[in-house]
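Next, two complexes with chain A in common: one pairs it with chain B, the other with chain C.
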Partner chain A sequence: MNSIEKRLVELNKLQDLQQRSHWMNNLHPLGKLLISVIYIFLVTSVGKYEIVPLILLSVYIIFTYIIGELSFREGIYRMRLILPLVLFVGIFNPFLDKTTVMIAGYSVSGGMVSMLTLMIKGLYTVLAVYVLIATTSIDDICYALRTVKVPKIIVIVIMLIYRYIDVMSNEADRIYTAYRLRAPGQKGIEYRSWGTLVGQWLLRSMDKARVVYESMHLRGFKGDFILKKKGVKKIDVIYPIVWGLILLFIRFYAGRGVL
Partner chain B sequence: MKTGVSGELLNISGLSFSYEKDSVVLKDISFTANYGESIGLVGANGIGKSTLMKLMVGLFLDYTGDITVVGHKMNKKNLDHIREHIGYVFQDSDSQLFLTTVEDDVAFGPRNYGLSEEEVEERVSEALRLVGIENLRDNKTYKLSGGEKKLASIATILSMKPDIIIMDEPSVALDPRNRRNLIQVLKGIGGLKIIASHDLDFVSKTCERTILLDEGTIVYDGRTEDVLGNSELLEAHGL
Partner chain C sequence: MHMADALIAPAVAGTMYVLSTGAAGVSVKKVREESDESKIPVMGVMGAFVFATQMLNFTIPGTGSSGHLCGGMMLSALLGPYAGFLTMIGVLLVQCLLFADGGLMALGCNVWNMAFYGCFIGALLIWRPIMKKGASRAKIILASILGCVLTLQLGAFSVTLETLISGITELPFSTFVATMQPIHLAIGFVEGLITSAVLIFIYEARPELLWGVGEASEKKEAKLSLKKTIIVLAVAALICGGFVSLYASAFPDGLEWSMEQVAGTSELEAEGTVYETAESIQETTSLLPDYAFPDSEAAVGTSFSGIVGAILVATLSAVFCYVFRFFRKKTETKTA
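Entry: the complex of A and B
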């Protein structure tokens, strides 16, 4: 399997997760979206030396991964492209921040703590996003975005990008496979062929995208995806409220005596 | 069908079209098609079958001549109205199916036309029943087999209850069993069907009238058995 095929398989696996018949998948997407946004906001708002509330905020990640039957390893693996960036963003803090802070009665280097908090914040954010996208389809996320009045042009762009990623990846896979089969023993694509192949890929992807758009247009698409209205159940209201309260409590009250 | 219309559903008169100056794709095409007819559109590669079909659904409007669909003249103003009457099944089912589940995709058209959720539900169930894939309702579109994708893409059009259905190479890439199944499905669909295909056997089993195109013009328009039984005629026009 070449690297493009691997990416397509990963995308399909993610879509399989989104389509599971699991109670977390069946929750109203608006609640899941809101709680993800609130969580990310609370995590990023934690002060750079406040390690305790940050550790306690992991309860959301732990709960959603265990109860949601999501693989933590998969979550990390899927986000591997972003993770190095979020993990290394604070790598110079120990050298630049010479403050000393007290944690649980111990004196600790402020630079080390701030580096750690930055890393944890990045990790939580990425994992929380994974929880959302693994339990909510793109259609549902877009439905939730429209519900909170995000401009339709933005939502349509998100939806179309998602559709066209698939179209473009499939075209890239076809072109690359055809190339490999006629260039046995060659590692990768020869530099002289790159221009032609990329040109072909763009032209073919555009052609495919045009047909998809025509197909939408012929079925009455006028610039807004009209998705099935979702009913609100008790659990759809309870879930974000309970989590909102827990997270707010942790963020503002828990761990006060430790730091 | 949507409007309960009968009689003449499609009238094409003196239709000519070119993508570029000096290279005419279709020349002086004229024919009419009535409710209940099933018409095969045959011809060699590149003679303008797909272009003609795209003109019928209003994807190109810069042509000369007249196209009238269910009494409405094809123009920019009437386009939305015309598209409620006419459905187009693309050759590549992947282009037709762009939502996550079969149900969402089949419901896409009716929802865009502002039907209530009850009506949408009714239309989806009926369309899936007509093509015999009720069991695939909640399935993911990207996981369907080629034959299932074709049936699902036909269902996406049937849910809009069009008076006219246009299909581009519907039997392409289908195995014999799916092909036989599709023939039965098409026989069960009413209204006017126009099927472009190189699969002459498929055309003979689904269409009673056939239009043969060559070099952008209609060279024969008549009973399917007369066209397909005339091997000299077919040979002379690249088939």
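Entry: the complex of A and C
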């Protein structure tokens, strides 16, 4: 399976998760979006030597993955794209940071601790975004963005991109497969072939965009998508408030002065 | 070049969000002024196209490795800087949500590093001046390579600055820059070659699709608006950076401050038999009172208890969640 096929499989898995009838999927998207942003904000605000608040902040991840019946493995697998830069940034800390930090009575190199906290932060933030996207469809996230007054043109473009990713990715997969069959063993597409190969595809896409617009226009498109208004239930309000309070408490009080 | 959430501090993320939002505001206004509804589906489909092309790797000659397109320069050459910028925002958000490439909090940084430089600097300062008197193969090659190299260099430099200002890495500035810039110089050069190959193909097949070719008359207006944009963004950055840092240093702890204002102390004392009984129960049952071993004042106990406590909370929450899920499933089975 090549990298494009792997991404398409990943995309299909996400779509299956988003369509479940789990109660977390039915929560209001704005609440889930807000709590994800708050969580990521709090995780990244933890100091580089503060390991205790970071361990405590895992409570949100543990809760959402177990109750939400999500796979930790799938979540961790998503780390692969950001891992190289995170590793590069953190790997030199143990050698360059000579500060000594006391952990459980032992003197530990501050660089080791800061590298560890960086990795944990990377993991938590990726896992938190996975919780959001596995329980909320892109359309619902767009609805939440419109609720917080993000300009409609940006939201419509996001929705359109998402709708056409599947079509375009399948086309990219076909192009790449055809190329590989003619150039076996070659890593990537040779840069001299890009002009005609991708140029043709680009022209087809532009024509496709024109046809899409004409179809939308014929069906009454006036520059906006009509998103069905979502009612707000008690749980939609309680869920983000309770989590917000728990996370704020953990971040600012539970681990304070402990390390 | 996608930044992860873990690599930036909230203050830096906030500042970059303000800057990117400013650029997005200008772009939305410009696209609205064009009042061309047909451009919206083109932006969507082109966004998906860039997304898909990023899945196609190109060989980097002489290295045996491969890379992928960033796409900002190509989008700008086809859609113009404003529509291109908005499309790139969509691409970056979808990438971050669907494939964890980037991060929600780092989105402001990524939009700035990849979309702003690619679309605004690349299109307005490089592509447009070179193309103002018409396009040719040589001009497209020059604009594409120059644009991709410069915008990627600026993006990589911004990544370095944002990470260093966030205090995440111990790497010295010079080492970090010396590592980031040459890598992106090579990538930028190859991306420039590929972008030019694609754009030359478009130029020969459908030249009307290229943006900003032979538009010398609009130069003055474009220059003025870019200048205004930069001034607005710079002022916004100064206000935001200054305000955030001032606020952060002046009010480190809201609840303690409030308690001191109300009660005159940040620690409340309670009296009465109920409190005394509760205190004695707490003292007897707590494993690590005052975050330390019982009868110990050592700092050793403080740190140890913190870690043990945190792990205990995490473990208990996992057990609680599994129990909750077990009973919930049981109830659901009974109902069914």
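Note that in this section the second predicted complex is superposed on the first by the 221 of 259 C-alpha atoms of A that agree within 3 Å, B and C clash if a C-alpha of one lies under 4 Å from a C-alpha of the other, contacts with A are read in each partner's own complex, and residues count from 1 in each chain.
The rule is simple: a contact is a pair of C-beta atoms (placed from the backbone, for glycine too) under 8 Å apart; a residue touches a chain by one contact, two chains touch by 3 or more.
Predicted model only: the values in this text are computed from it and were never measured.
**Student:** Have a look at chain B and chain C on chain A after the superposition and call it: clash or fit.
**Tutor:** Here chain B and chain C can both sit on chain A without a clash.
**Student:** Using the superposition on chain A described above, determine whether A:Ile76 touches chain B (first), chain C (second), both, or neither.
**Tutor:** neither
**Student:** Is A:Ile138 in contact with chain B, with chain C, with both, or with neither (first, second, both, neither)?
**Tutor:** Both partners.
**Student:** Output check: A:Ile246 vs chain B and chain C. Expected answer is one of first, second, both, neither. What do you get?
**Tutor:** Neither chain B nor chain C is touched by A:Ile246.
**Student:** Which holds for A:Met216: it touches chain B only (first), chain C only (second), both, or neither?
**Tutor:** both
**Student:** Residues of chain A touched by chain B versus by chain C: which partner has the larger set?
**Tutor:** C
**Student:** Look at A:Lys228 in the shared chain and tell me whether it touches chain B only, chain C only, both, or neither; answer first, second, both or neither.
**Tutor:** first
**Student:** In the superposed arrangement, does A:Met24 touch chain B (first), chain C (second), both or neither?
**Tutor:** Neither: A:Met24 stays clear of chain B and chain C.
**Student:** Identify the partner contact of A:Asn12: answer first if only chain B is touched, second if only chain C is, both if each is, neither if none is.
**Tutor:** So A:Asn12 only meets chain B here.
**Student:** In the superposition described above, what is the shortest C-alpha distance between chain B and chain C in Å? Please give a whole number.
**Tutor:** 10
**Student:** Could you tell me which stretches of chain A are touched by chain B in one complex and by chain C in the other?
**Tutor:** Overlap of chain B and chain C footprints on chain A: residues 138, 163, 208, 212, 216, 221-222.
**Student:** In the complex, go through chain C and note every residue touching chain A.
**Tutor:** 2-10, 13, 24, 28, 31-32, 37-38, 40-49, 51-53, 55-59, 61, 64-67, 78, 86-87, 89-91, 93-94, 96-105, 163, 167-172, 179, 190, 193-194, 197-198, 200-202, 205-206, 209, 253, 255, 291, 298-307, 309-311, 313-314, 317-318, 321-322, 324-325
**Student:** Within their complex, state which residues of chain A touch chain C.
**Tutor:** 3-4, 7, 10-11, 14, 36-37, 40-41, 43-45, 48, 51-53, 55-56, 58-59, 62-63, 66-67, 69, 78-79, 81-82, 85-86, 88-90, 92-93, 96-97, 102-105, 111, 114, 118-119, 121-122, 125-126, 129-130, 132-133, 138, 141, 151, 153-154, 156-165, 167-169, 171-172, 175-176, 186-192, 194-196, 198-203, 205-206, 208-210, 212-213, 216-217, 221-223, 252-255, 257-259
**Student:** Tell me, which parts of chain B touch chain A in their complex?
**Tutor:** 57, 59, 80, 83-84, 87-88, 90, 92, 94-96, 98-101, 104, 107-109, 111-113, 117, 120, 140, 142-143, 156-157, 160
**Student:** Chain B touches which residues of chain A in the complex?
**Tutor:** Of all residues in chain A, those touching chain B are 12, 15-16, 18-19, 137-139, 163, 166, 170, 208, 211-212, 214-216, 218-222, 226-229.
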